[in-house]
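Each in structure tokens, the structures are laid out below.
Below are two complexes that have chain A in common, paired first with chain B and then with chain C.
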Partner chain A sequence: MHHVVVESWSRRASPLHARDARAKLGALLVFLIAVSTTAPESQTAFALYSALLLMAILFARLPITALLRRALLVLPFSATFGLITWLGGNPMRAVSLGEKSFLSGLAALLLVATTPLAELMRGLESLRVPRSLLLVIEFVYRYLFVISEQAQHMRLAARSRGSSFRASAGALGVLFTRSWERADGIYYAMLARGFNGRFPSFTAGRFVIADAAFLIVASGAAIAVRVVM
Partner chain B sequence: MHIPDGFLSTPVWGAFDVLAIPSFGILARRARRDTDDRGIPLMGVMGAFIFAAQMINFPVGPGTSGHLVGGTLLAITLGPAPAAIVMTAILAIQALVFQDGGILALGANVFNMAIVGVLAGYAPYRLLKNSSGIFIGGTVSVLVSGCFAVAELMISGVPMPAKVLWLTLAFFVVNAVVEGAITVGAVRAIGRLNPAWVPSAKPGGRLLAAVASIAIVLAVAGFLIASTHPDGIEILARAQTPKWLHAWFPDYQVHGISSPWLRRSVAGLAGLILIYAVCMAAGRWVRQRSA
Partner chain C sequence: MNVVEVRGLRYRYPDGTQAIDGVDFHLEAGECVALFGANGSGKTTFVLHLNGLLTGDGSIEICGVPLKPKTLPQIRTKVGLVFQDSDEQLFMPTVLEDVAFGPMNQGLSSQDALHRAAHALEDVGMAAAIHKAPYHLSSGEKRRAAIAGVLVMQPEILVLDEPTTSLDPPGRRDLIRLLRGLKQAKILVTHDVEFAAALATRAVFFEHGRVAGEGTVGEIARQFNWHSRPEE
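Right, the complex of A and B next:
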């Protein structure tokens, strides 16, 4: 399945992979805000933002075409509303909507492609994001692939019996029940391994000078493009 | 309708991020109170289930199919507060890993789908406690989320001619009815498989659910009407010329606060925050009365 690719990208080694998750998160937010507030007409700014991202991809030693193709996932939405804007008589704005959403999607993808999810969660926890949410995110992500595979098998089985609304509802009911039972099983397995109702705290790594330098340089570049252009 | 980054104007995504954080905090506290320590693994696995459930297609009409969105099903099975947390986790993963929805727009998406969508889906079920409640819940949930998303895009200045708007709303209605039907079908199937299973209907009184339903309907109607009649709002915007706003968004002073979409979005958001405050106050009042 295609999301496994991001997982394997995030485990590679490169100068960008080595940076602390908080530094990358901070730089991402600054970049996104810069892109979001850029005027639709300033095409030079968008070109420079793209250049910044390409440079970051090179630093991260990631396959450029594969990354760009994945970022195209934003297109269905952008294309629809871009088209509406275009037909509404504002082609410049339509083009900029597409550019903004693609650049933002690519930037977010770059973060998860250079940071394993567990590390990202650690960074977010030290930035005071509620732990319960982070734990749920980790559980969802961990069981996503397991249960998706189950769902694919069930879809195949349902199709080979001929599809009907009732059959699909039945499949959904079975998937729900199995998932609920799986959750129970996981809980008992946790108890058996000494779970006492407390989850171990994520401990964030050290924020070294290189991280600070990256944060300053990357956000500085984005801000510079935003202000100058 | 996962809004990507780049579509919402700065005041809109900013305000929704600000609005979503305390709302989520309240729901997270409530979820902690309502669930025991098996809650976290259960919420996580059910979140993965909702993800996977979108692969199961439901044939509706010739050649088309729909799939579960899931907010209402989660609210009925886990309770509204845990459901909101699970939906938030799903939206976060979709934004980060699947480029489905933006990071800056996460607050707006969480507000539309995980908070208002889940609560709007739960309230009718809580009131009626039967299949029609579930059906109405599923329908209202998708409809309300969609209306909020469109209204946010409109106050951000994405043009929406009347024809396109009606087409979009018609599309939402069809999707919403399908969601209602799928949710009913799924709950029935779950009931057949687990005869002992009882849907959760723990917290919150009926009166509270009624107030919540009315508040949500009013909020959506107000928000939609407000964003389709910019003239009316502009009068409102001029009436309360916000000095504090110049301090908040100094950037926009340079580009001219006279841009109509900015005034529109300010007024729309002021209205939304007002409605939100009234709902919260009404909810608190009802709770104190019933306590």
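Right, the complex of A and C next:
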């Protein structure tokens, strides 16, 4: 099924995939701060940020257009605020709002697309993010697939009876109930195999020199763009 | 020696349905028992009690250990439950990782867990599929992977809920062969009389949450007219 694209990307091999989750998390955080504090007028800075991300995508050997398309998903949300700012008489700020949210979304997506979830969670855990919060994220992530798979089944069933699947309130209700039942089943199956609130991770994460180097270079580049431009 | 001993089990679903209404049941070491009964007669609800996924009134002992919140982790390693819908059982990204999920929860190192998982997959004839994603497998392969995920925990009792659902005849034959080779005591929840007859030495018939009859598979099938031939 096609919904697991990002998950399958995260399991590929590349220099960026090989980096420890903590190094990537650190670099992402610095990048996000740099982007969000950049002045709306410095368009060169945004161009350079984009260049940095593009380089990272090339290093990660991920399909550029597919990745960009997925990052576009953040725009409807920021566009609403952008529109308000535009109408408020500040078009420059509106444009930069779109740019900032797209770049931030793309950077976060790049992290998720190069780090298997279990590793990402372990990285966050070792950075002292509360365990209960991580568990919620992990379940939401897993059950999203459950729900989307259920929706795909229902769409197929609807199509085979000659109609198209519309997200009507009724269909959504059925989708919710079915996903709920399925999620229950999965949870039972997990408990039956001794699930104790912690998803196992199979790779022993070690922060090596290459990780430190990546963190310094990536953060340094973002900071340099922010300070110089 | 009885590996499962259930006395006076009762369970009511939150919506008020009395799903289990006073069930006594036992299973001997190495024995294979089939559970028959109409849909909704309480078979699946019953087996969900055997490793504490549901808790009703009455007493359950597994290998002499009473089932209590405190003994749950121990009991869950003794009772291996293979669910009806393999898609619900396979939730990790690859088959190997999925099978290793149980041993990792038992506290094994990832290296040992993966090693044991690879062995279990080999035992069920799935060595070639270990790095595949579960959703790429056929129904028969999914069922075998799910069984491997349970066998890897080295349970003493194997409970299979409708194991022949969505299997083609060769898949069903392979499953019979696989199960025959396993030394564990088995409980088969099934509508498939032929399948049960090939494996089980005893059958228990459920009706309205109670045990309505007990005997050999042939006796029970006759007594309750449990077949799908329209002419009789």
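Structural remarks
Here, the second predicted complex is superposed on the first by the 168 of 229 C-alpha atoms of A that agree within 3 Å, B and C clash if a C-alpha of one lies under 4 Å from a C-alpha of the other, contacts with A are read in each partner's own complex, and residues count from 1 in each chain.
Simple rule for what comes next: contacts are C-beta pairs under 8 Å (C-beta built on N, C-alpha and C of every residue); 3 or more make two chains touch, one makes a residue touch a chain.
Predicted, not measured: the structure shown is a model, and the values here were computed from it.
Of the two partner chains placed around the shared chain by superposition, neither chain B nor chain C is touched by A:Ala27.
In the overlay built on the shared chain, the residue A:Arg155 is in contact with chain B alone; chain C does not reach it. In the superposition on chain A, A:Thr85 makes contact with chain B only, while chain C stays out of contact range.
By the touch criterion stated above, A:Leu62 is placed in contact with neither chain B nor chain C.
Touching more residues of chain A than its counterpart among chain B and chain C is B.
Looking at the shared chain after the overlay, A:Arg142 reaches both chain B and chain C. Contacts of A:Leu52 after superposition: neither chain B nor chain C is touched. Once chain A of one complex is fitted onto chain A of the other, the partner contacts of A:Ser201 are limited to chain C, with no touch recorded for chain B. When the two structures are aligned on the shared chain, A:Ala192 is found in touch with chain C, with no touch to chain B. By the touch criterion defined above, A:Pro116 reaches chain C but does not reach chain B.
Shared contact residues of chain A with chain B and chain C: 142, 182, 186, 190, 195.
Listed in rising order, the residues of chain A touching chain B in the complex are 3, 6, 28-29, 32-33, 35-37, 39, 70-71, 73-74, 77-78, 81, 84-85, 87-90, 96-97, 99-101, 103-105, 108-109, 111-112, 117, 120, 130, 132-133, 135-144, 146-148, 150-152, 154-155, 158, 163-166, 168-177, 179-180, 182-184, 186-187, 190, 195, 197, 199. Interface residues of chain A facing chain C in the complex, by the touch rule stated above, are 1, 4, 7-8, 11, 116, 142, 182, 185-186, 188-196, 200-204.
Of all residues in chain B, those touching chain A in their complex are 1-8, 10, 13, 24-25, 28, 31-32, 37-38, 40-49, 51-53, 55-60, 68, 73, 77, 85-86, 88-90, 92-93, 95-100, 102-104, 153, 158-161, 164, 181-182, 185-186, 188-190, 192-194, 251, 255. Interface residues of chain C facing chain A in the complex, by the touch rule stated above, are 48, 51, 53, 73, 76-77, 79-81, 83, 85, 88-89, 91, 93, 97, 100-102, 104-106, 110, 113-114, 133, 135, 149-150, 153.
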